[in-house]
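Next come two complexes, and both contain chain A; in the first it sits with chain B, in the second with chain C.
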Partner chain A sequence: MNQKIILYLCLLAFGIAAPFLFPAFKLQISIMWILVVLSLTWDVQGGQMGYNTFGNIMFFGLGMYICSSFQIGLFFPLAEWTASGGEKTFVHTPTQFFQGFFIGLILAAIIPAIVAAIIGYGILGLRGHYFAICTLGLGIAAGEFAGGIELVGAGQGMTSPPWPKGIGDTELRSEFFYYICFLLMVFTFLFLRWAYSTRFGLVLNAIRDNEDKAEAMGINTMRYKITGWVVSAFFVGMAGGLMGNMIGYIEPVETAFAGRTFGVFMVLMAILGGKGTLWGPVIGAIAFHIFKEGFWTFFLGWQYVALGALIVVVVIFFPEGIMGWLREKYPERFGEIIDEEDRKAQVELK
Partner chain B sequence: MRPVLSVEQVYKYFGGVRANENISMQVEQGSIVGLIGPNGSGKTTLFNSIVGTHPIDKGSIKFENKEVSTLPIPVIAKLGLLRTFQQTRIYGKLNCIDNMRISAKPAKDNLFSVFSTIPVELSDKAENLLNFVGLYQKRKLRAGDLSFGQQKLLELAMALMNEPKMLLLDEPTAGINPTLINGIIDRLIKVNKEFGITLLVIEHNMRVIMSLAQKIFCLAHGELIAEGAPEKIKNDKRVINAYLGAQ
Partner chain C sequence: MDLLIFQIPILMVQASLDGILLGTLFALIAYGMALQWGVMNIINIAQGELVILGGYIAYFMYVAGIHPAFGVIVSPIIMYFIGWSLYKTIIFRVVDRDLFISILATFGISILTQQLMNFIFGSDVVVAQSNFGTTFLFNYMVTLPNAKIFAAAISIIFAVLLVLYMRRSKLGRAIRATAQNARAAKILGVDTESVYAATFGINAALCGVAGSLIAITFTLHPYVGLPYTVRSFMIVIVAGLGNLPGVALSGMGLGVFEEFSDYIFGTEFRIAAVFLLLVLILVYRRFKLSRKREYLK
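Presenting the complex of A and B:
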């Protein structure tokens, strides 16, 4: 137990100190925390519940657009902002910027959560491949849809509000976003850690292992499935809002509803780390980010080939992911201590 | 004795297949009732109709005087009418204790109880019930690692964990080691007598069903062909013909 607390404190200390230890990688580590959030929340469906979704990216994009739109729309005419493509200079005062940022971030979590509840009610009745294909369609449709709305810049996208003038340089900006990202990641992790310890966690696992049985035992599975998706959408939406602010530019298909990159990454990260475990998605996201950045740096031009090769290796040699592999190898470390006598014992009914 | 389950003139067709035709049967409170019939005679279809897996074409099914034929599966289960499956269904990647813990009826069941904690006492109850079906030593194993027969026992224990009023058992002794069968009969009688659970049992093992049930219904080609006490069924010509073919 104590060991665990020390481990958590060390990680926390690392997270807090990281921008000073690796000042050149602040943005990279911020994105890494965002990736951890994406992979943790994807795992709620894909891992714990056994519903492979490709639609979570929808909430990411939605959060991104909602956050920036409110940040701008609260103080300036949004249509003029987007029409000028970032040329027209409305400037946020620091107060306006932070007010808008926090209101936008909260709405970027709540609105996708509501959308998830509504869509989930409609499609979470689908199972297996049908659900996966349906969510894949949703993700793509959302991108096309956003690309058609003039108010948010249609196909050319929109800029998110620039860092206000007069309160420090870009260093402060990246530190600010770094800590918000880190906080979001920690909060997501702690929330899920708690949620998995409640009835919610067990029911999700039951749905994964045998949904028909769960229903036959009187569990209202739909309620848990929707709740799970709402939870995911909440955190993914917030992550999207943050990401939009950090990179400064929102493009409907490339950054917001980026099914080709983030949408696939979140699945890969969770699988790489080990789906259905709490730490798997975290480890998977960190390992994936390091590999990815390495490939982009050292194999430029071949980066996607290298990434593909990595995926093939993982699927063939570690089908259960890093955590799954460790669990097979050291079950006693995961609390699976089984007495050999018990295992061999004959079942008797006297 | 009042009937706890009453099935009246139930019809279920799958396209041209007449799975159940004009089935009427009553199960009395606190009794053990058998359901027999050759393969494909519609026994499991009838189970599925009762617990709401599929809608019935005609007829009515009442559980404690409440029409259940139009209710969804979890709602019927919550009324206290549970079933086990012929091919075992357990949560394979969870260990036995967790399988049991999740099978208990939650104290509250609404939107706000989604994140409720699972009471600690449940683990004791789970261990007691696992002990009851002889699986105590296997409690920490993943349910998927158990043998088929052990999974059958686990499924029975899971159903008991839910404290149902009535239990539909689909072949409880299929795939179970013959030396354990007497133990199972004994357990099922205890479930009925001590826990007060009404049992409706599908069974192919005649020795089991004859020593267990007080009343037996026999289905063949989707129709009810005989009902009565075990002795009567044993000597019924239509039943013998259905099983062995007419001579």
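Presenting the complex of A and C:
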């Protein structure tokens, strides 16, 4: 137990010190924490509950649009902002910026959660192929719709409010966003860690293992499924709002409802790390991000081909991921006791 | 206002005819998906990418100076081998494994193919000119490009040929037997592995036909594959597996729906309308099924 606390403290210290240790990679590490949030929340559905969603990216984009719209709309007319290309005509004062940012961020978490609860009732009753393709459709439809709404800039997108002038330089800006991202990641991780240790986590696993049986045992599975989806939407929406502010520009298909990048990444990261485990998505996200940033440049234009190939290879050959592999290799570390004779007997049976 | 009232019936006829012609094409793709879904129990998310790949074959024939309509013959042959080798390299590893793996693996293939096409063929929107001219109906009020009529006719011909092939030939019998019960078929001496490979190849060949027809009637772009996957999925779940007239009818229904949604919501919402229709159909189906379950209780 003590060992665990020391490990957590070390990681926390690393997270806090990282912007000073690697000042050149602040933005990259912030994006890494966002990716960790995405893969952790994907794992609530994909790993723990056994519902493979391709649609969580919808909440990401929704959060991004909602956060920036409120940040602007609270103080200035939104339509004129998007029409004029943003900061050229209107300037946020520091107070306005921070007020707008926090209100926007909270709404960016709450509104997607409500949306998730509403649509969840309709589509979480679907199973297997149907659920996967339905969520795939939802994610893309959301992007197409956002690309048709004039108020938020239609296909051209909109800018999110720039960092207010007069309070520090871009260094401070990236540090500010870094710590918000880090906080979000830590909070998501701790929340899910707690949630998996309660009855909620057990029910999610029961749904994954055999939903009909879980229902027959008297569990209202629909309620738990919706709760899980709402939790995911909450954190993903907040991550989206942050991401929109951090990169400063929102484009419907490339950044907000980015099914081709983040939407795929979150699935791949969770599987790479090991779905259905707490640490798997975290490890997967960090490994994937390092791989992406380190080696993407060598592929030069082939990176998305490499991404597709990586998905196929990981899914077919390592469906259990890094954590699953570790578990196979060092079962004692995971608290499993191996009965050697029993294992041999099983091998013979095969 | 007078003009609008005068125009509405014509628009209706135009949209319905366009939709029906378009729908036969969708039905052809959906037929391939139904075949492979029924036999291998895999939903191929890369279906749309196979269609686009087939279209590019026709397009390159056009670039080389051959009339793109011959793509209807060349493209399925090439696509059959592409599908067959795809099965032999990747798909055979995911048959019989859990659903999650097959969906994600085909999803990966879809991204891989998209990006390869983008890299090799470029990201421009291309079209193969067929120069088939246009047919005018009702005193020049309804216009139908001959290419669309050609596409619908070819789709029907290929669908009929395939139905006959499945009924009469030895391989067709083996495929149907495997679809009914793979294990029993294996015991009775059917080489299910090669049946699966052939099924996937036939599916890819159908996609090739559809793709080359799309190349002459519409436009091609590396990233437009996914809507075709979703359309064919939608058609299959509305019609049900193994219900061929149903596939044809719901394909045409979808085509008409799309044409009408073009007029009502505007062309920029076309893809969104298709995807939303999918969601609505699935949700409707879910509530219908859950009501059925309650009756059983």
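Methods note: the second predicted complex is superposed on the first by the 324 of 350 C-alpha atoms of A that agree within 3 Å, B and C clash if a C-alpha of one lies under 4 Å from a C-alpha of the other, contacts with A are read in each partner's own complex, and residues count from 1 in each chain.
By definition in this document, contacts are C-beta pairs under 8 Å (C-beta built on N, C-alpha and C of every residue); 3 or more make two chains touch, one makes a residue touch a chain.
Quick caveat, the model's predicted, so the values are computed rather than measured.
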Touching partner for A:197 - first (chain B), second (chain C), both, neither: first
Partner chain in contact with A:221 - chain B first, chain C second, else both or neither: first
Touching partner for A:148 - first (chain B), second (chain C), both, neither: second
Touching partner for A:205 - first (chain B), second (chain C), both, neither: first
Partner chain in contact with A:213 - chain B first, chain C second, else both or neither: first
Complex interface listing, chain A residues touching chain B: 195, 197-200, 202-203, 205-206, 208-210, 212-221, 223-224, 227, 276, 336-339, 341-343, 345, 347-350
Of all residues in chain B, those that touch chain A in their complex: 51, 73-74, 77-78, 82-83, 85, 89-95, 98, 101-103, 105-106, 109, 111, 113-118, 133-135, 137-138, 140-141, 144, 149-150, 153, 158-159, 162, 180, 182-184, 186-187
Parts of chain C lying in touch with chain A, wherever the complex brings them together: 43, 45, 90, 93-94, 99-101, 103-105, 107-116, 118-119, 226, 230, 233, 237, 266, 268-269, 271-272, 275-276, 278-279, 282-283, 285-287, 290
Contact footprint of chain C on chain A as seen in their complex: 46, 50, 52, 54, 122-123, 125-126, 128-130, 132-134, 136-138, 140-141, 144-145, 147-148, 260, 264, 267, 271, 301-302, 304-305, 307-312, 315-316, 319
